[in-house]
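What follows are several structures.
Consider the two complexes below, in which subunit A is the common component and subunit B and subunit C are the respective partners.
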Partner chain A sequence: MIYDCLIIGGGLAGLTCGIRCASNGLHTAIISGGMNSLHFSSGSIDIAGYNTKGEIIKKPFDYLKTMIKENSAHPYAKTGIPGVRESLNFITGKFMEEGINLNHNNDMNHFHVTTLGTLKPTFLSQESVFNTDVADIANSHNKIAILNFKGFRDYYPEQTAANLKKNSMFKDKEIILGDISLPYYLNTEKNLHEFRSIDLARIFETERYLPRIAEEIKKASGGASIVSLPAFIGIRNYKTIRSKLQEMTGKFIYEIPSLPPSILGLRLDNALKNSFINLGGEYIAGERVVSGSIKNNQVEFVTTRNSGNIPVQSKFYVLTTGSFFSGGLAAGFDNISEPLFGLKVKGENKRSKWYNSNFFDRKSHPFLGFGVETDSKFNPVSGSGKTIKNLFCAGSVLSGYNPVSEGSGGGVAVSTAFKCAERIIKEIKND
Partner chain B sequence: MNRIETNVIIIGGGATGAGIARDLSMRGLLCVLIEKNDIASGTTGRNHGLLHSGARYAVKDHESARECIRENKILKKIASHCIEDTGGLFVTLPEDDPAYHRNLIEGCKYAGIEAKEISIRKALEMEPNLNPDILSALVVPDGTIDPFRLSSANILDAKERGSTILTHTKVTGVIKSGARITGVECIDLKGRKTEVYADLVINAAGIWGQEVSALAGIEIKMFPSKGSMLIIDYRINNVVVNRCRPPADGDIIVPGDTVSLIGTTSKEISYDRINELTVDDEEISILLSDAEMLIPNVRHTRALRAYCGVRPLLAVSGEAQGRNISRGIALLDHHERDGLEGMITIAGGKLMTYRLMAEKTADLACEKLGIKKECTTHLVPLPGSEKKIARKSRIKDFTGIPDSVVGSTLYRHGQRLHSILTKNKKNYRVICECEMVTEGEIEYAIKKLEVKDLVDLRRRTRIGMGPCQGELCAYRGAGLFQEFGGSTPEESVILLQDFLEERWKGMKPVLWGDGLREAEFTYWIYQGLFGMAHMDEVKHKKKKILNKDILPADAKTDNKKKKGK
Partner chain C sequence: MIKIENISFDHCIKCTVCTMYCPVSQATHLFPGPKASGPDAERLRIKNPELVDSSLKFCTNCKRCEIACPSDVKIAELIQNAKWNYLKIHWFRPRDFFMSRTDLVGGIATLFSGIVNFIIGLSIVRIFMHLFLKIPFRTVFPKYEKTTFRRIFKKELRWSQSEYSKKVIYFHGCYVNYNNNSLGRDFVKVMNALGYGVEMKKEKCCGVPLIANGYIEKAKKNAVYNIASLQKGGGDSKIVATSSSCTFALKNEYSSFLELDNSGIADRIEFVTRFIYNEFLSGNIPKMKPLGIRAAYHSPCHLERMGGVMYTLGILKKIPGLELVVLNSECCGIAGTYGFKNENYDISQSVGKSLFNLIDKAVPEFVITDCETCKMQIEMNTKYKVLHPVTAIAMALDIK
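Entry: the complex of A and B
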């Protein structure tokens, strides 16, 4: 059996590409080796948050022009600005079908509140995310409660409050800190103090607990009409849970992205997987591609960990294996490589050039910009210097951009993956 | 301005200063120990923690060798919870002079170090990762010693006996009355100044002893020798592995907790560079290729951190030429030497001779102060080492608490684990998974062990020292820090940032392999998710106060002159 499109890596990029291909009737498979960046992320999708000086970008689509002009190797230069918009429309549509509304602020960036009480510019967020609009809502009520689940060790509301108060938008707001708890939960076998966000999400997903949780929220929030919790109010049916809790408490309830595992990101991941599978895509989880064979400047086949020596074949391949921590890129003692196909990468050989001396350097770190080099069509170049026409690359395995300092991770993943899918669809149709 | 009066001032909270504080407190004197940074943050926290048997010195320096074996035996008794009695091996490689093996056996015999020759097969059984081509092997009573735990236990004892510890407080000047020193001036993190008056000032500032003595107008000359080390994320050996040849670069691998340490390089540096401690790529290459000769698969093991320290070697009798550098213990009575009463300096030595150094210093101090009390530090165990707890009773006492948690806590705090793992479930929730640090341990450290920031907390508990280098537990640690009243919530975020910067120093030289993966992940969390770099205005102000140079102008020109020559 030969696929039309085989995608290696099932993160935001792989899933976007897969959904686009499958929705066009292509026989598509995704091989995914485990957790992806969404499981750690804020669950918001950034397009462009900061300029090269680190200043905040208000209108990201306007700024993309500058970005492309300053850096012609940037992935956005290859997708084109309309391409970015089209891909985001496509993916928000898919999220909507799966019951997740990703909101933006009239084409402007908005700010979500971080665990530390700093504000981060982003473009698309779930409607439950605690963002600066809350400050406006709070104008008439003026009290905000920042709550935690008692004993949850992965979030400390005092820190959120302390830094939030320093921001002009929140400085005259009264912030109330408090804890909620569930008494009958304290008797469980498991040490409640070891609960992670996922365990708490399960509590919220248990319908019969909701009235009690609502009581707890009312008690802890001391008259505030706006309440924030770390992001753990359910994974699958969080929308219903949230509206029920809002109804029961008579308060607005928001979420703050906290330490991994990221519930906000897991929602996105689940939604995209569902969408892909519903479109007839084949999602092969817990599997890893271990090698790829290139012959006559074409990928001939790949092999996977569990398939033994049986090659897996496809007309087209898409590499969306992520950056270093997902395994898409590898750092040797004094070189950077792409481990599956040995593709040409952009990166320094001298180790001391990979990083800056301060961890939180204003200029970030060069290694974040390392990755696979491609031509304008996202086709990479093999070790022997030849373009590989049936292989495309998308997402954070790409070079030419720094997702953190630019605030562009999600946008690049979605738009490059979408572009690769478009190319593949076109070529298959022309066949 | 604050004013404190005491019997003795000790400058420097390394093992030496901590040991002196304990010794004098046990003899009934009240001390104020002043440390500009944290306990064990100087050279004491920057070595490979080898509890020498003395074999390393047995061929060339009998006096050091004898000192080592004597202290080795004492420390195994009084500091059992800080020591791992691993044993050590000296192995001869095909590249080495085979005659050295014999010389070493002779030297050990002469110094009273038990050294036993074993077959190569036996050595490989003991240490399966060892280079199979070795020509001979010798077993010696080397061990390992945790410098943080050791210093902290000494400090804890001194405090419990009435002494005062001022950490993050720097001595900036001396107070003189004629030809006599009567006290010191110091300044803390917040810029508050204090005058401390005492009958005697002890300079135990290690390599910085030159700076401190210069404050009193006294010249002593240190010969700084920098040594770099590499930590690998796997306990690749169970006993200390030494190369059987005259001491040189990259010839030792020391196991420690869950990791192994490759040591060390040696490079003379000029005195004005003792605070710029960076490890360069070349040193890392040397360490790896030398260690590979002893244990061939080191290179395939993930490197966790690289760091370096500066050996506090002192030139005796103020000679400028450096020929007469003492590698032993140097105790200077400035009354005798320079005609200045009220101050003594202790320098040189080793981590593992800290107790002996403290004893000698305290003897001199008592003599000067007319106190007739004998040293008892070799007899009385440190807090935490009072008695060994058998594994069985340990499990019985702490039913319901995972064995790994009990084990790690016992390992780090000895008997004091009873004040940490109380019945409250909250106390044993794990905050740092790599090192099994619990909330109870963190609370105990913040409240009892002079912890002022997250880096201090790491030294006391090992939080963030494991394979992930503090990815998630750093944040939790910061959260708990303010919860237990160690700081305000706002400050705790700044401490978190400092902590991550501190970790980065050791990580960046070893970024290959999984190092870069972890670094990328940590960066995404703290910068991508938390926006950490967008909030650093406040902190720089704070830092400036302490980084101000205290070298008097003339001491600096002096160093420049030396370089020019």
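Entry: the complex of A and C
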């Protein structure tokens, strides 16, 4: 009844930690209220995309050394560079077991195309976003088709095209814009759904209309050999669907992340949850931890919205509740805090220092760098200044890095969570 | 007037994550999904109730949308409220009327159980029900018992209960009373093994099927009756229920949906696995012998919403010799009386399909779940017998 490891927050960090602990046989549970930020992400995992000047990093693992040197409080300084690599190998292995290949570009970053048509450096992507062919095909062919599903509200191919054209890599390419449609699904009297990415993904998921869709793609894409679609070509069976479509059309099918909900992110989330549950982990969804009790510098128990008088207890706890967006950090009128344990937080209390006036500032916003302060082992410090030994923190609840300006969110989440799990496994073994 | 407690729709960030997890919008394009039917439409509905559309009837109230929502919007509650508060139905609907009167129908059917079970099993009767009552032909109705659990309790079980120093009040619900007496017996056995005597108060159907079928006033009447009856005497003894849906109604929906004051009982109401968990946690674990079975566990939607799965898993893992395969969380599709209606049959089957596949893949000997309608649905659609967690414990207590 007392867990070995109780993880609060089921995002990329919480799930990575949970999978590592459960795969080592620990009695592990994840309590997670509400879905995590993978549902809003590109579905690619960034490690280090930009340096402090905002320039693009080609070889992230080389750059990590500089990063750590410049900022000794960076989470990567605490995981160590081999730790980052080990954790990524571990998690890509788990994704593979669940049928998702995450590809990298020979240990270098690659670009993925955003909804807006800008290019973002990232390290690991699904094969519809990056594989070894994509660069070759893009370089050797002159025509690209950017297609949309007629009636889909969350994507504007014209915008993607206009922004791509500004980029030197695409300056000389011919971009064909077009729509595909399935008339039956546009009969709004029969169909009340909203035409968000999830509705379309479900149509693809049935595999019923693929020949028809393939015809539409051929018709709309002219002579282009690369065809991009917003990412909705299926959820669980997207690999089959993609290869069938490629076969039927003779074209390379590329996916561009759409506005939320993100299907690329959903695939990752599904895979991680499956993996965790199959390893015997308990995933408690829709439940929120409301507070934690600390006594003698140890977490005694936590209370959830429904636990009432029954304390939820574990030998070790991991806090992976995310940043402000997910509720791991809270902002008051003129203060920021960690709401569950009242942990010491690093950041600015003054509201005017939280953000930059330019929304798309390359330096991003200071608030994204705020977070919980920890020692080198990821143990946090309580409000009264004492290190809490049986509580670890990982992922975007941490301070010391800015996921957006650095392009490091996914890598920090995976590597810090993995490190926490390793520590817990070791301590339990020594017990 | 906008009620201040009902403005959670304003917290919606329009991310559509709820619709990603709605099993019904996965199964049919006729349902616009929780986001569109919940927070989106609510903003219009509070201005003009006529804007409510008939597609709301597709919602099963499984509450998976609420579990998924990152902003804590009470989506299913908004839909339920809109469905019945604005869409008042006055005409007589024989099927829905009888289906939701579980205690009236159950009371009569147990008196003539032999005949009733025989008749509802006949093809000709099922064809009639399909055509005239719009109940799917393939529905297998739960069998009615020869007697009610209350009578059994009165005749056989009541006498020994005063031997125990501690006591619980048992809310058995309609299903145990009319369709599954043995779960009631198992409950008494397990409570006694934990050192608790069992007492029962007068009770009416908790109201869940009434709410689901739009008989809100009748549900309120039952709720008022139950609150008064359970409140009387009993001190601070826990009121324990074996049905997760009854528990959810008594503890939450009486106040949140029916807007009644249940504060006198809410804190004392416990779902049985949580109650047992607490006992186990304090070291009160009765002697159980190894079961030697492999079972798949399915977590019912409403139990998930109550945060109760943790407790069920906690106690199941304490049963020796129970090899447990915990299934990935999926809705079974029955949703109380929903799947027992012609117009919902295909949706219900399509929703449940992934769960049935998961069960088959797990190759268990039994399935374990906390909810009676999940049990009916799984037994209708797979070859496995479904046990309640309490029954699993009772089995382990019985082994000599």
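Simple rule for what comes next: the second predicted complex is superposed on the first by the 413 of 431 C-alpha atoms of A that agree within 3 Å, B and C clash if a C-alpha of one lies under 4 Å from a C-alpha of the other, contacts with A are read in each partner's own complex, and residues count from 1 in each chain.
The rule we apply is simple: a contact is a pair of C-beta atoms (placed from the backbone, for glycine too) under 8 Å apart; a residue touches a chain by one contact, two chains touch by 3 or more.
Keep in mind the model is a prediction, meaning the values are calculated, not measured.
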Partner chain in contact with A:Ile284 - subunit B first, subunit C second, else both or neither: second
First (subunit B), second (subunit C), both or neither touched by A:Leu116: first
Which partner reaches more residues of subunit A (counting touched residues only), subunit B or subunit C: B
First (subunit B), second (subunit C), both or neither touched by A:Glu194: both
Which of subunit B and subunit C A:Asn274 touches, first, second, both or neither: second
Partner chain in contact with A:His39 - subunit B first, subunit C second, else both or neither: second
Contacts on subunit A seen with subunit B and repeated with subunit C across the two complexes: 40, 191-194, 260
In the complex, subunit A residues that touch subunit C: 1, 29, 31, 33-36, 39-40, 185, 190-194, 196-199, 202, 260-261, 266, 273-274, 277, 280, 282-287, 304-310, 312, 326
Touch list for subunit B against partner subunit A, complex: 280-281, 299, 425-426, 428-431, 439, 472, 475-476, 478-480, 482-483, 488-490, 492-493, 497, 500-501, 503-504, 508-509, 511-513, 515-521, 523-536
Footprint of subunit B on subunit A - complex, ascending: 37, 40-42, 54, 114-116, 118-120, 151, 153-156, 158-159, 161-163, 166, 191-194, 257, 259-260, 323-325, 327, 330-334, 350-352, 354-355, 357-362, 364-365, 367-368, 403-404, 409
Subunit A partner contacts - residues on subunit C that touch it in the complex: 15-17, 19-21, 25-26, 29-33, 35-36, 53, 55, 66-72, 267, 274, 277-278, 280-281, 304-311, 313-314, 318, 326, 328-329
